[in-house]
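Note that the chains take the letters A, B, C and D in the order they are written out, and that residue 1 is the start of every chain.
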Amino acid sequence: MPEMLKEILKNLVSKPATVNYPFVKPEPLPATRGALSWDMDRCDQCQDCERVCPSMAIKVLPEEKRVEYQPFKCLFCFLCIDNCMQQAISNSTTLTAPGYEKRVEVFEIKKQ
Amino acid sequence: MKLMTKARLKSPWVLHFDTGSCNGCDIEILAALTPKFDAERFGIVNIGDPKQADILLITGPANHRNKTVLKNLYDQMPEPKLVMAIGECACSGAIFHNCPNTLGGVDKVVPVDVYVPGCAARPEQIVDGVVLALQKLAEKSEQLEKKEKKGE
Amino acid sequence: MSSHNTATIQKEYTVFPFGPQHPVLPEPIQLRFTLDEEKIVDVVPQLGYVHRGIERAAELNDYKRNIYLCERVCGICNYIHGMTYCRVIEDLTDTEVPERAKYLRIIWQEMGRLQSHLLWLGLFADAIGFESLFMQIWRDREIILTLNEKTNGHRIHLSTNAIGGARKDIDASLAKEYRKDLELVREKIKVLEPVFYKDKSFRQLTEGKGILPKNQANFMGAVGPTIRGSGIPQDMRTLDPTCKALDFKPVVYESCDSYARTLVRFDEVFQSIELINKALDQMPDGPILNKNEKFPEGTTIVRTEQPRGELIYYVEGNGTNKLSRVKIRTPTGANIPSLVSMLIGHELPDIPVIVHSIDPCISCTERYVQVKKEAS
Amino acid sequence: MTQEIDMALRVLYVLSAPILAGLLTGIDRKLTARMQSRMGPPLLQPFYDLIKLWGKEPFITNNIQPTLAFGYLAFTVTGISLIALQEDLLFILYTVLIADVCLAVAAYSTKSPYSNLGGKRELLAMLSIEPIMVLTAIGVHLITGSFQISSIFAYPTPLIFILPAALAVQVIVLVIDMKKSPFDISGSSHAHQSLVRGVYTEFSGYTQALVELGHWLKVYFTMSLIALFWAQNFLIGGAIAFVLFFVAILIDNLYPRLDWKDMLKTSWTFGFIMILVNLIVIVVFKVI
């Protein structure tokens, strides 16, 4: 007797396990590692994040007073968040969106 | 004529090639085909034959050995075709940026149409990426048809 | 290509390339089969398609940055790779790991194994054309991945390793979810037990295929489920005192064929769930991270058990922030000689079964295999 | 008047074949998906695939391949038309056999080892279903005294009551024809096997569309035969054929792929014995 029979018939009559993404978007879990952003009011350009980043996705340019972040290079390991003394980096639970180009995100300190 | 474009959008068959990824993205591509995400909803079939595929999914940073294989596979695919770089290391080398045998991103070998971030790229992101790719496919399809009309 | 192989081609055997791009193998390895009709006469593995040079990069980086590079030696056993690297560095810097972190490591290590074994059982089903079983197992595997995401935010790469402990903790409410979800997985996989134990067609396909006798397994240096399926209880987890405290015993099957290797993995799924549950129960309270800013000095070896077998990290430190040598020996590399010996004499339709039965993972294997320029 | 309606029905049967056959494939994919607790593609998916393939840039491996692909389709269509004309059963079976040969030769005509092995296995698949079909046809002859399809209709009782075992054996034929596991050895719709796409490997663009359409029609043809043999009422016949179709999909999901030896073994032993026993029972007990 084929042993899968019961399971298959059960599957056939029950609802499919499919989440109809992207038409149905499930709530992201609170721990989900999504896109990063820099709060430049807090950042003191110490370059700690650049130093710990294992894939060199961050460039801190103290002279130009800005941070360049490459979401298409980032591993979402969040070492930068853990290591920033100023807690200037924060993450959302929204996943980084795919794109036609490799974006570079620039965060600048507003000039007074 | 519009029917053809619609059919193309409804039936993107994919070919997956690993150019030295860590497997993370490969298993997520497979996960995108399995019940929870079921990419077959969009007509996506993992076809395994470059001559019959529409979208080439590449994972991994590409290296000196497999770049010829990759180029070959790309050339064997008939038009209209698209290339998606899945995962950070396929996009830019990411963690493998200083590995001596990697090229740092598959766009050094073949033109890439859609970049999907994430390490590993999650099935949701891959599905989003396919949606983007389909928009591009629609443009390509229309261009192709215009060309055909001119040719006649 | 060996001269032996060229000689056989002249006798007009078919040379059948399996890979590097092949749907049965998600990863690019090429096995060149020389076939007499459908019978395998010779196999020449061709490697190098995923070689990246990770070991070299690990020597170029600051040693602290390497954790996540080592995780990405491979995505499937990522946690164990990262953990082994951390343990090597802890050894070299004399860092004491807090008790709680040790238990956390066991939990995530077993989560990785669970995920990997389920993945493999599915892929194996797929390789033999059992699509419904593949879908079923991968559907249930999603529960594990979601659980991973609940704790760490990632489905695949956990990124919770840190030198001297762990970056994340499992609190009481999470532990409850772990127990609940793992029970769910256990039930769902239990349902499939008759398929693996009894299903006639499944047994017909795997029994007696790819025999690796006990002494041969030892001689060829097989590791992991491959050697345990040949009746030798070799498991690196027995070296781990924390694992010992949870009275861990390796799963062993005696029949030496693909079927035995499948059952080892199937049983280990339940064993892993049990281990995680025990670890959750016995986990002491306390800190999880013990920072130490010393630079690694000296040489050391750490052996751990990956889902596919023994993993060895050998590291030389020289008292600076860079390491002078990182050497990783992975299970698939150790199993390839066994694979070649298993394949010869079998027929073409058996290839997927046998190749899969060692669970070949090329990603981690190809850091060190010497790359020769391919002719043509 | 009835003759005209009859004529119209026959024309309708041939003309609607591609649409019905495509829908069947769609239903197949949907059912398979649901058995695997997936949502599955839309019902019209096969048509989208076909139209897309038609619009793809063709890579022709050699000159003879498109002709053979077309031959595959043409002979299958001929087979279906011959059913509509209620021609000689053996004639119909061998016409469709030529279609299969076309496919196998097309696969052989290329250099790819995958394709060649696939072609070889396609021949083996033919080898295992043809005897069953022919034996069944002989059974029909035994009962009705003729190979003509019209004689089946003229016979007083539906054949389902006389040849039940032969009907059951048709499941094997259907499984092999649909290229479903355990017997999807020569090629499958998904790429999950050691031969990649088997016989289909070297087709692309419009030749692939032709072959794909041919394959749908081949399944449709087998199902029509099943429907024809066992009932005189189209609807009942269709229902029987559909039940068998469902069983074939179920079997696909229940078994892993076996090799060609098992396929030959199953069809030549199990299939033969079932039909032979059926025929012997008929002859001995004079059921007719």
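Assume a residue touches a chain if its C-beta (ideal position, glycine included) is under 8 Å from a C-beta of that chain, and two chains touch if they have at least 3 such contacts.
Note that this is a predicted model, so its numbers are computed, not measured.
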- Select, from A-B and A-C, the pair of chains that is joined by more C-beta pairs in contact. A-B
- Message: What's the distance between the Cα centroids of subunit A and subunit B, rounded to whole Å?
- Response: 21
- Round to the nearest whole Å and give the separation of the Cα centres of subunit A and subunit C. 27
- Item | Whole-Å gap separating subunit A and subunit D, where each centre is the average of the chain's CA atoms | 51
- Query: When the centre of a chain is set as the mean of its C-alpha atoms, what distance in Å lies between subunit B and subunit D?
  - Reply: 34
- Multi-chain touching residues of subunit B, meaning two or more other chains, are 34-36, 38, 41, 46, 48, 95, 119, 122
- So subunit C residues touching two or more other chains come to 22-23, 61, 68-69, 72, 132-136, 139, 142, 154, 157, 201
- Note on the structure: Residue ranges of subunit D touching at least 2 other chains are 33, 35-40, 190-192, 196, 253-255
- Message: Which category does the touching pattern between chains fall into here: line, ring, star, complete, or other?
- Response: complete
- Task: Over in the complex, which subunit A residues touch subunit B? Could you list them?
- Result: 16-22, 54-57, 70-76, 95-102
- Contact footprint of subunit C on subunit B as seen in their complex: 15-28, 30-31, 34-36, 46, 48, 50, 60-61, 63, 65-66, 69, 73, 89, 95-96, 98-102, 119-120, 122
- Message: Which residues of subunit D touch subunit B once you look at their complex with the stated criterion?
- Response: 29, 33, 36-42, 45, 47-59, 189-192, 196-197, 200-205, 208
- Item | Of subunit C, residues touching subunit B in the complex | 20-23, 26-28, 48-54, 56-57, 60-61, 68-69, 71-76, 78, 119, 122-123, 134-135, 138-139, 141-142, 145, 154-157, 361, 363, 366, 371, 374
- Taking the complex as given, what residues does subunit D use to touch subunit A? 31, 33-40, 250, 253-255
